[in-house]
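After this come two complexes, each holding subunit A, first together with subunit B and then together with subunit C.
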Partner chain A sequence: MASILSVALTIIVQAAMISALYALIAIGFTLIFGVGGVLNLAHGATITMGAFSAYYAGQFGLGIPGAVLASVTIPALFAGLLYLGMVKRLEEEPIMVMITTLVVSVVIEQAIVVFEGTTSRSLPRLIEGQFHIAGSTFQNLLGVMFVVSWIIIGLLFLFVNYTKTGKGILAVSMSHKGASLVGIKSSRINLITWIIAGAFAGIAGLFLGSWLTADFAMGQAQLVLSFSIVVVGGIGSIRGSVIGAYLIGFLEIATTNLISSSLQGLAPLVVLVVVLLVKPEGLFGREFAE
Partner chain B sequence: MVNDGSSSGAGSANGSKEIGDEYNGNSSKLNRRRFIQAAGVGAAATGFAGCLGGGPGSSTEGIPSEVTIGVLAPAPENNPIGAAIANSAELAAKQINNSDKLLSEADNVKVSIKNTQESPSTGRQRYRALTLDEGAHMTTGVFTSEVLLQLMDPIAQQQTVHMTTGAASPKASKQVNENYDKYKYHFRTGPINGYHLGQNMVDFLEAKGSDLGWDSVALLVENYEWTNPVQKAIDDHIGDLDVDVAMERRYASGTQNFGPIYDSVEESGADAAFVAMAHTGTPAVVQWARDQRPFEFGGIHVLTQLPAYYSMTGGACQYTVTQNTATPQSELTDKTLDYAEAYNEANDGYPVYTGYITHDAIMQWANVATERGTVNSDEIVKGLEESSYTGTAGSIDYYGKDHKYAHDIKYNFTTDSPPETGVNPVFQQWQSEDGSGVQEVLHPSYVSSADYQAPPWV
Partner chain C sequence: MSSDAEGSTGAAVGSRTGGDTILSIDDVHVSYGKVQALNGVDLDIGTGELISVIGPNGAGKSTLANSISGFLPYDGSITYKGEEIDESDPEDLVERGLIQCTEKRDLFGFMSVEDNLDLGTYVRGDYDERLEFVYDLFPTLEERKDQHAHTMSGGEQQMLAIGRALMSDPELLVLDEPTLGLAPVILDDISEGIDRIQEEGVTILLCEQNVTFAMNHADRINLLENGEVVRQGPPSELRDDDYIRESYLGG
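Up next, the complex of A and B:
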């Protein structure tokens, strides 16, 4: 009995931590779709960029603070420039945005292949050590990741609901025309959204790389994961994305712990197919628009 | 460190100023070579050879004025394993061009490098380009077993000698054994085939078990073709030892999170993870070291063989043990260190195992072609079968056509003295010396440089 309890606790703690990372990965993706109405297929590559920014900061001897700073600012800056340089001009053509961001994604990956090769890279460890719950051992890194994720989610909710800019984001997500009529510049709101999404992706890349190592293709799986999470939660819904992330995270950990570790990555795809067939609008629909 | 020109490798190997400057003992040979380049005769001859379609190696008598060596490597621009193949081929060609003895009738030995992208279909396309379009007189390289197995028929059709220098699947040698006349053009210069790789792991455990203290192991193998025979060999032989296999797991090739697998290893109580990893592995090493998992780590881990791996992993590979063909510290023959230093000088870094083997393959082929006075593939096949060439990795001898591993390099496990024939892989451990990593050799004793160190957290 104690053993079952221990296994259950292990699964719950592991899943809570992994899900927190998944939420970080998916929120930026859903934010851009919810506000701008476009799919950013460079989202995975932005995560990769966050990881490699931290890697380079480590290589240049900037330490952990430098790695954290680089992993947030460089992807945020990149996302802002991507919006201003390409996406802004194509906003009315979502398919073109998808193609453009996909091309950008491939360019980033190939650039990493050229400069760093195909071998995985080890990032500076953000925090050493382990903690114990119910006889199981967990990494401090994942614990910190869980806390940081919830702080960021909390701050995002506060920002969106209680600041002028945040309310502008809500307004644009509801109606571009309506927002314009009350004097909100949707292009500025979109730019802010892209920068926030880039920063979130960078933080996700930092934690992901620090935990598992970084390689040029690491963003591909994260893009698929983001798709799955936002479809499950309801495209454009931040709350849905968080819940979707936890649903997929728990399913994945339960699958790998109770059935087979070789089933990693399968849960998001299975859930994606099931939700598309049964409830294609997702758990929460598109809440901004409702 | 890596090859700078993939398919343009010929350009850097066939008469550049650098070669002339560095090796000025063959100036007339080089001048003629430049003339031929300028006149485009080589291109025309290559094109003509391509039109013949029956494989240039099989139809050619004597030594042609321009000898083409086709090289198949995975991402030679940015994969260290592919780069070692490509760079070593260029180094070997350079040395042959500047030798008065090897292929002296040829004005130029050029290397043409193609990227297989580790894809069987791409590998076939690139192989055909090398043999049909460029008229390669021999081909070498190939890291991925899945690619090699898809090349066996094209090799048979082209009747051009191919010397594998990375892929380990014994299915290739089985084909040679079962249908010798068709598949005899394939040789595996290294590494030892997959079954022998597994046997070698068990032999190492038997020889060094008391030093390691690994009474039980958890076998972790990546799910690729090459690990099937490795796993079978371990299953066949480990029962002879007093070592318990606490768990056995083939993990998916895309695995990034080793947490659940390592949890299982811990639960099994194994003393060590006994691994076979080539295409994957860095996340496995980094997560093992950083999480300070309470078991040791060793076996075959190809990336750990990289001389630059310590810095690539931030020291996470310290205490890992891996089998290797050779290291810059292991003087297996009097050619090992000379080659490693020449490679380092040319590429600003040391090679991984595919480099040693590729160099041996091309030099052995050149020796046989020189002895026989021809690049004719049927003659070369006979020559290679009779050849016993001392290369960088040991004595390069092949099993005969009646052996079940026909045309694979011979494997002979010894501890105290080098085998008379065949090769005896080394086992190395990453250890720290003044804050930097060193690939110390644990086995065999005649080249060993240090004793095993267990991770302090175990």
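Up next, the complex of A and C:
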């Protein structure tokens, strides 16, 4: 009896922590789609880039602060440049954006293979130690991941709803022409969303790499995950992404703990298929950040 | 600049009632592929005037409105406050006080009335001062300030669209079909609103299918047909024009 409770508790706590990271990953993806109407298939590779930025910072002896800084700024800068250099010119053609970003993501992964090979790399450990809840043990790192992810999501929420630029983001997501009519330049807003999404992906990469390891293909599963979460939650909705992330996160952890760890990755797809059959517009339709 | 001296057809027919020229449209052509939407339009608007462009569906009224607001490329020249605006983005023109209220309204549907109005001051306009004016103009908007725009009736949405444009403190307000599909009761509110906006000193270009409505408000009327201005003049003159009477005022 005690062991059932403890298994349940382990699943709930672990899922709550990992889902926060999933939410962080998915929000960046949905932000770009909700505002600019394009899918960034390099989102997973941006996560990989965040992890390796932290890895190189560690190699250069920059310590944890250097790793954190590198994992945020380099992917953010990269995403901004990707938008300005390529996506901005192709905005009217979403399919071309998908192809271009997919190619970019392959280039990033291959570059890592060239420099680092295909073996996994260990990142500087952000925090050591463990904590206990009712007899179950969890890594401190996951706790930090949970707290930081939620702080970032909270800050984004405040930014979007209570600042002028944030309201501009909402405006563009609802009507490009309406935004133009009040003087908001969509391209500037899009650039901001790409930079935010890049920074979020970078932080996610840092946490993922620090928790597990970093390798060239680590972002692929995250891209699939983002896609599933965003479709489940309703494309373009921040709240939907958070709920979608938790739904999928809990299912995934429950499946791997209770059935088999080889089934990891199945949960997002099962949820995806069910939602597409029952409520194809997603749980929260298409309204953005209600 | 040259139109005052040389006189386009318009300047020759209707004497200008406003002050300095705020907008000058000179030989503007617009085509969508092979379809010619505007075919050499000339039009001057003086500061403080209310000029109306009337004409049937497909005459080119919205095309003209969108060319002026920077949404459509065109051949020819449009001058706003003495500067050519051919290369200007719509957003730059908003900053300079040229505001359009579109036929489709283009509101932020999932935002409250007040947030929509707030965004009207994104690049220009003092929020408190403008909000007071807009709420005074359309009290319905204040009553519904927390309601989402997409849940409102067509007439209320039209008031919100005009209200949002007014938040930007326009110098030239381009109103594209503000009466389209509205009930007569709402029409009165909009009509009263337009009068008061003009009293504020805002220059207005009113693109309108409802000829009677346009005649009641405009200082000068331009009849647009197939992309060309075929009649110009003050309403008093055009009411007696046989062609306009037969085709647009029901004989």
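The criterion applied here is as follows: the second predicted complex is superposed on the first by the 288 of 290 C-alpha atoms of A that agree within 3 Å, B and C clash if a C-alpha of one lies under 4 Å from a C-alpha of the other, contacts with A are read in each partner's own complex, and residues count from 1 in each chain.
Keep in mind that, in the parts below, a contact is a pair of C-beta atoms (placed from the backbone, for glycine too) under 8 Å apart; a residue touches a chain by one contact, two chains touch by 3 or more.
Treat the numbers as computed from the prediction; the structure is a model and nothing was measured.
Peer 1: Using the superposition on chain A described above, determine whether A:264 touches subunit B (first), subunit C (second), both, or neither.
Peer 2: first
Peer 1: In the superposed arrangement, which partner chain does A:174 touch: subunit B (first), subunit C (second), both, or neither?
Peer 2: Once the two structures are laid over each other on A, A:174 reaches subunit C alone.
Peer 1: Just to be sure I read the superposition right, which of the two partners does A:221 touch: subunit B = first, subunit C = second, or both, or neither?
Peer 2: first
Peer 1: What's your read, subunit B or subunit C touching more residues of subunit A?
Peer 2: Of subunit B and subunit C, more residues of subunit A lie in contact with B.
Peer 1: So, A:132: does it touch subunit B (first), subunit C (second), both, or neither?
Peer 2: neither
Peer 1: Per the definitions at the top, what is the overlap between the subunit A residues touching subunit B and those touching subunit C?
Peer 2: Looking at subunit A, the two contact sets are disjoint.
Peer 1: What residues of subunit A sit close enough to touch subunit C in their complex?
Peer 2: 164, 167-168, 170-171, 174-175, 177-178, 180-185, 287-288, 290
Peer 1: How about subunit C: which of its residues touch subunit A in the complex?
Peer 2: Residue positions touching the partner: 69, 71, 89-91, 94-95, 99-102, 104, 106-111, 115, 118-120, 122-124, 164-165, 167-168.
Peer 1: Under the stated contact criterion, what part of subunit B meets subunit A in this complex?
Peer 2: The contact residues of subunit B facing subunit A are 2, 75, 77-80, 223, 249-252, 254-257, 259-261, 263-264, 282-283, 286-287, 290-292, 303, 306, 312-314, 316.
Peer 1: What does subunit A use to touch subunit B in their complex?
Peer 2: Residue positions touching the partner: 14, 58, 113-114, 116-122, 124-125, 128, 130, 139, 211-213, 215, 218, 221, 256-257, 261-262, 264-265.
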